[in-house]
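Two complexes follow with chain A in common, the first pairing it with chain B and the second with chain C.
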Partner chain A sequence: MKINIFIFLLLVGTVLTAQDKGNILIKNGTVLTVTKGTLQNTDVLVIDGKISKIGKGLKAGNDVKVIDATDQFVMPGIIDAHSHIALDAINEATDPSTAHVWVGDALDPLDVGIYRALAGGVTASHAMHGSANVIGGQCETIKHRYGTLDPEDLRMVGAPRTIKFALGENPMRVHGEGNNIVPATRMGVEQVIRRSFTEARQYIKDWDEYNSGKTKVPPKYDLKTETVADILKGDIIIHCHSYRADEILMLMNVCKDFGVKKLCFQHTNEGFKVAPELAAFGAGASVFADWWAYKFEVYYSTAYNAAILTKNGVTTSINSDSGELIRHLYHEAAKTQRYGGLSDEEALSLITINPAKQLGIDSRVGSLEVGKEADIAIFSHHPLSIYAIPQLTIVDGIIRFDLKNDKKDMRLDIDPEEKITIFYEQNRHHENDGCMRDAFELFEKK
Partner chain B sequence: MNKYINLVIAIFLGFSIQAQQVTKSVFGTFLLKGATIHTVTKGNIVGDVLIENGKIKNVGSNISAPAAATVIDCAGKHIYPGLIDAGTKVGLSEVSSVSLTNDFSEIGNLTPQVQALTAVNPNSAIIPVTRVNGVTTVIAAPSGGLFCGTAALISLIGYTPDQMYAGFKGIVMNYPSSGRRGRFDRRTDEDIKKDADKALKNLNDIWEKAIEYTKMNSTKAVTTFNPEMAALMPVVEGKMTLMIEVNGKDDIKAALAWIKEKKVKAILTGVTEGYKVAKEIAESGVPVITGPILSVPSSSAAAYDASYTNPGIMQKAGVKVSIRTDDTENVRNLPFNAGFAAAYGMGTEEALKAVTINTAEILGVSDKYGSIETGKMASLFVSDGDPFETKTQISHLFINGWNVPMESRHTLLYNEFLKRSPGL
Partner chain C sequence: MKSKLTTSLLALSILFISSAFIQAQDTDIVLSHTYYINKVNIIQKPGQMIEMGSIIIKNGVIIEIGKDLVPPPDAIIVKADSMYLYPGFIDAFNTTGIKKVEEDRNAARQGQRGGGGNNPQVPNPGNPPNNLAGITPEKTLSEVFDKDAKSTKSWREIGFTASFSSPEGGMLPGQAALILLNSKDADGSILKQNFGIVGTFENARRMYPATIIGVMAKYRDLFRQSGYSLKHENDYAVNPVGMTRPSYDASIRALYPINSKKLPIYFEAEKIKDVSRALTLQNDLGFNMVLTNVKQGALHADQIKNLAIPVVLSLDIPQSDVKKPEEGDKKSKDDSDAKGKKGEEKSKKEEMKDPEIEAMEARKEESIKEYQSQASIFSSKGISFSFSGKDVKEKDVKKNLKSMMEYGLTEDQVLAALTINPASLLGVSNIMGTLEKGKMANFFISDGPYFEDDSNIKYIFVEGNQFENEVKAKKKKQDGEETTNLNLAGTYSYTVDVPGDERKGKLIIKKNGNTYTGIIQNDGNDESDIDNLEVDGNKISFPLDMNIDGGSLKLSFSFEIDGDDLKGSVSVDQYGTFPIKGEKVSGPNN
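Entry: the complex of A and B
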């Protein structure tokens, strides 16, 4: 009984933590709004977790924490449209289509990777299923409310549903090469999607006929097909792991045939080759700044990809897909200035408002505007400078990273029995994108 | 006759298409005028650099142009020595997930005799991508096993490995690790200890044999073919450097003791937890090649910025520090690795040394590389600012006196696809 009360109190406690919305006045910073220009010596007032005012000489009551940002840079919290932090598992690599699974069931609030992302100014990320399957699982858009012990608190409630698709080498290796089933080729990948969409279309029709009384026997409920049906209905955004131009064109063609419009490509290393087609479709592209050559399908890549896409009118973001890169997305975005000469505003858009658009959350986050949620990062220098050091990172008006006051060891769970520290291998030679985690372990058992 | 003309036309067309697509490096006399010259060893001066016969012929103000010189106006620009990355797999790996393009890890635990230089591909697409960011000289290093092979310093220009060779070779050794390898390493603490002890005993046994072999060789008693021992012999004799890869705090201390006991000429590489034992490393006098700086900390308990601050902490404690990427296709990020080290405590000046003169000194090639001084090889670049700043543009590149075009697969694809024709 005592234990039950304890658990109850713990739950109440954490829920309160998560729902906490802070009041903060950030004074006298250089405010990079991203959507409305750069404002010098400007204050940002946050009330109840939302941006209440942006202007000069703002005043606030005693209950508002005041932060002096003189000589510092205030920008919207960085958003990563492709990551795998805060997840216990990412690949249900057992079938070419696993639309019914959801990474939201495997959220891990204890992952110190969340804190490290915050320490790089990242306030929200798209926690994605892996790329082992053509149609992977559904993903979860999370806010980095590090400190909570409750997985529920990470969810960005109200963010649109998203699902991972994957083309090319990864599903071909896992299923064709690994299990000798379709797809072994990019031809097969197309057919997996067409079959799945066609079945879902029939499923919708069967249910419509039953619901309108045309048929008496209800169709069999199937969560996998139901999920794909939701894609066809426009309720879920496809985020598709892809590299080569041919497969990017293929998916756009399939989506056109089935009337699917909400589509964002992930990685998209050869997106630069089909930038006009991507722009015409209205598809987004979320890319690495400079990763290439770690696998054959990215051998013909260019670090100018984001610049070419941007200049051709494609809504583009820079993502991490990595617990390492997520710590310095501001630096990754700056690479588009070396490779393609993007303006400060264009480069910052790649890690703020553009990923917000791709995730369907741009009305809530991604820029510093009155009424938006107070997800804010404060830097020592302009965030596109190599000398920029994140100082404070704020989520919903609550400080979640504080350079000056945080302790060094920020783990939430520490094994008291642990004698030998786990010594991580450096992330050196990425033979793969992070999307294949859990899939190779599956292989090794065979 | 018509056939003949067609053939001539075909050859001419082929030639002109090639001439359009391939920009070759040019060897000659160049005078770079009026730049801020970051010599690294002798401060910053505003002046000129004269390049002749592959070398820096003169550094100073108002150098008059020899008749043959191509004069390049560098007013408002900056000249830096070419950056050196002393830990890469450039030339040894083309596409890392395609195993047959990987030439850095031979089978066996004891393969010091295998030569990285043999397998360097001078035509790797990675080479131009790397050098246009100002990285002119790299170590191509083998990995895997205990004694992995012989690493070689190469300049990123040349048609053959011998043309690329830049004067340093060292044998790579992985010091036995006593740590847990990652979250999938499910060994018990006792098993980890047992494995580490066994690996260390193995290393010491091999070393005893190498000493014995060296002694026998000096008395001409060696008759059997033993390439492994023959390769270790110059290390035993102190004529060749051992590059010891070691990362954990306890392992670093153990490696330092081992180096002292065996009296080998050594460099520590990796050294991820060097910040925990910086004083001990400094006292040993053993230099360090550390990195990547842009990497996650070594353990979940470490401070989020431990990898960023590590080189600065070691340098301030008195360690001679060089920064590496330990990368292949993105060795071009060496200036950014140095930039993060600079921002997180090392400072720009020391971080610049850590990718130029310190590295050259550690490798024993500072007579040729690592700074802008008369008599050194002309490996340098011209930029519009601090090479660590992400947006900085490099306009001219010289390697061993060759004026190298600022072209790579990445720029060629950019030029072709930025404004695609036909569009839609």
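Entry: the complex of A and C
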């Protein structure tokens, strides 16, 4: 039995690719622009992946797909400033500083977690290195173009470079306890950063001398120091895993000493204690709505954290750090109305324009404005309502999640040798995607 | 007239000697280096056959090829009347001929699961010595070559006469070389070296680079360091006065020819993401590359074509384990009563099948087809490719090739990918890949056309050295007649891989005349007799009722015995099917 190869090519060809940019007219919805107020019975016209018009009674050509959003709510695609989905590796936990590694090298477009995120209205996320090392690897801002098979197509090309730092117990545990090297204490953590910054300063000087012809011998090329040098030059935003107020202040002091300005704290559970200082520095804070007490350094926390930070003028976002929470960040944002009384716009900002600012992509996404990229989520009810159900999620004008019309099995890559069984444990689709993946198994003593 | 008589007399005597020679081969007594083969269908190259032709080889070289050639007086005549003679296959990427270090591999596997393994402890896991971190681009094949490697013989037996073989282990395992599969020592076997280095995405264990992100960063670091180091060395060679002496680093130096694009890197890139990552590195670091052992490369076929990247596809492709419908009808001896019952049971089972599982199985079948169609997609886009035998079992090669052909790949295209394409890729087209006067005498003789299911390879010539395959007893499957020379009896240990648990046990199979009986022992449980043991060739199946925690479970065992290895599956009521593996621990007499 011969199978026609062209039929196969056709099948292969139906897979969506990143180059796709769609045209869509969303009719008659309640448009939550986040930055420009709420517009009733309004249309949003998307041409070539970008928002081309927002207004009433918009018309479009025959090639534009029309979506009726009557009685529905149209909001900017949710952005998660801290996640680990779509990654084949999270922690290169072999050294207290691994600035040279980059999770952008380990993107996994086949991860069904991307689709689950889309099902929660999330259109972009910050795929981060884990928190095993003081200076972890570089992160990657991705768009949830689920359907593509090529890792390259996930990248949000042009988004600023970011890097993961981590303070406190995780790096102390992995390196101090696990390997008996610095840092075993919070003092050691600070020292690792200061030493790296100092070495990077020297590295910049050495290369300047070589490039200007002062010295003949090239300094030893070192990707790690080169990356830290790029932080000092202001080319990379630091996103730092942190909990306690004292260590948050510590990192701000270190950054001041070395002239580093681009800084955003992750988790930041004690951020409410140092909110004015964070605002003065201009540092962002990306927090959980109400998740704490999972280890000693995370006991002193409050669900009012996001509200306190917001009211103090800190650019604040709510993140998931989880393949599960990422599906209902809109619920997480709504909690700040119960705990802190934030307005609808303030609450929605926590999962749209604010994370966009923290990632340096707010000129492109994070609100519904003409000229911005068409990353849009459509909900059955107001997204801050407990009854809200995401209906459609659009990335670059392409529908990537459709509650009513998607197939039941949305996996992209099927292992041709997979064992099919009703046992949940045997399916490998639910692997741990947390901050410390790849780290403990390397260093914990058996 | 007289001369003709002498020739045939001579030929007769030579025939006599030749059979003696074959038996004496182990002792390495070679009476002549000239061979004459007549009345054989010679496939000179894909699409070109000499029907009932003849070939003469001498000292490892083809000296004449054509029709009705006269055998030289000193020639050994090989009896191959009406058989088929093909150019020796060339494996374009494998580890054939290298020393296997089994312990290391086990450690590697355990290490990947995070279970420890026997890895050396290093003082600074963030910056370990290169050789422990799998970075040995300076390592040549001769350092790990083993003339007695089993792989050499087993690949030769299925028609391969040359292999592009690589050291293994780590992200930069070393330098591959083209070897002849003649089981000679390194000098006699290694044909050509200095091809460039092999690259993989394999991480180190418990030290940098421990993950794929580490491996990628290490590539960037090494290549850029090598670029600066090369420049430093060149500057120093021009005028060393006042300059620090360049440091010597064997790994960095091995990258010089790659960095300067004189030689390529052979990147092992199996899956979509591997191919994408190799392309990313090439784009960032600017080396020449060959993509090798590719299993899922169709997505990038256009890019590979546009960048003119040579590609070596894997012969390892998945096969469907869905049973074909005709197997159910085999037992013609079953009386109609039993048959009716069986039929009922079968349809019951089908009704009970979970639709979700059925849908998943259908998708799995689709996925298998995608892997099988890869080669056809490449060929339909006009991309020429070779094949890599790495990761595939020798006995599966022909079956896999034939699966690929179901998607449009022709016999000639398959032959090309096994002969002229790899010869051209490796720069040895002038001596290998086709059968022509002057080329190396690398070929095999099959008793039927290669692609026919029941054809067998009889002889293999590697650079004029003759090897003969042991004749395998043909299995004649007829109703009621057991294969007489196959004795499956023995004691086997087995492991059933149940999620979160491994069930171990023992299986004793006894043979009385033509009937088999068995006893099974599960974990600590008592032994129980196997009631309905069915044997078909080397396939064994039986049902078993098992009492676990007061409840009863219906199990159904089905496996094959291949040599001492036992492999198959156990299905457990509606819970699913689990793999079973095992091996013979003692023979039938114990």
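As a convention for this text, the second predicted complex is superposed on the first by the 407 of 446 C-alpha atoms of A that agree within 3 Å, B and C clash if a C-alpha of one lies under 4 Å from a C-alpha of the other, contacts with A are read in each partner's own complex, and residues count from 1 in each chain.
We take it that a residue touches a chain if its C-beta (ideal position, glycine included) is under 8 Å from a C-beta of that chain, and two chains touch if they have at least 3 such contacts.
Quantities reported herein were computed from a predicted structural model and do not represent experimental measurements.
Enquirer: Is A:409 contacted by the first partner chain B, the second partner chain C, both or neither?
Expert: both
Enquirer: Per the contact definition in the header, classify A:249: touching chain B only (first), chain C only (second), both, or neither.
Expert: In the superposition, A:249 touches no partner, neither chain B nor chain C.
Enquirer: Classify the contacts of A:98 with the two partner chains as first (chain B alone), second (chain C alone), both, or neither.
Expert: In the superposition, A:98 contacts chain C only.
Enquirer: Between chain B and chain C, whom does A:179 touch in the aligned arrangement: first, second, both, or neither?
Expert: second
Enquirer: Is A:58 touching the first partner chain B, the second partner chain C, both, or neither of them?
Expert: neither
Enquirer: Which holds for A:300: it touches chain B only (first), chain C only (second), both, or neither?
Expert: Touch partner of A:300: chain B, not chain C.
Enquirer: Once the shared chain is lined up, is A:222 touching chain B (first), chain C (second), both, or neither of them?
Expert: It touches chain C, and chain B stays clear.
Enquirer: Quick check on the output: what are the common chain A residues between the chain B footprint and the chain C footprint?
Expert: Touching chain B in the first complex and chain C in the second, residues 408-409, 411, 414, 419-423, 425-426, 441 of chain A appear in both lists.
Enquirer: In their shared complex, at which residues does chain B touch chain A?
Expert: Chain B reaches chain A through residues 89, 93-98, 125-126, 177-185, 189, 192, 247-248, 270, 272, 292, 294-305, 326-330, 332-333, 336, 339-340, 342-344, 386, 388-393, 409-411, 413-414, 417-418, 420, 423-424.
Enquirer: In their shared complex, at which residues does chain A touch chain B?
Expert: For chain A paired with chain B, touching residues are 112, 115-116, 119, 272-273, 275-277, 280, 290-296, 299-304, 307-308, 311-312, 323-324, 327-328, 331, 334-335, 337-340, 384-389, 408-411, 414, 419-432, 441.
Enquirer: Give every residue of chain C touching chain A within the complex, in rising order.
Expert: Per the stated touch rule, the residues are 113-114, 116, 124-127, 206-214, 216-217, 220-221, 224-225, 227-228, 231-232, 235, 242-244, 272-273, 276-277, 280, 298-300, 318, 354, 357, 359-361, 363-364, 366-371, 373, 376-377, 380, 406-408, 499-500, 574-579.
Enquirer: Report the residues of chain A in contact with chain C in the complex, numbered from low to high.
Expert: Residues 1-6, 8-9, 12, 15, 88-89, 91-98, 100-103, 105-108, 110, 129, 137, 149-152, 179, 216-218, 220-223, 408-409, 411, 413-423, 425-426, 438, 441-443, 446.
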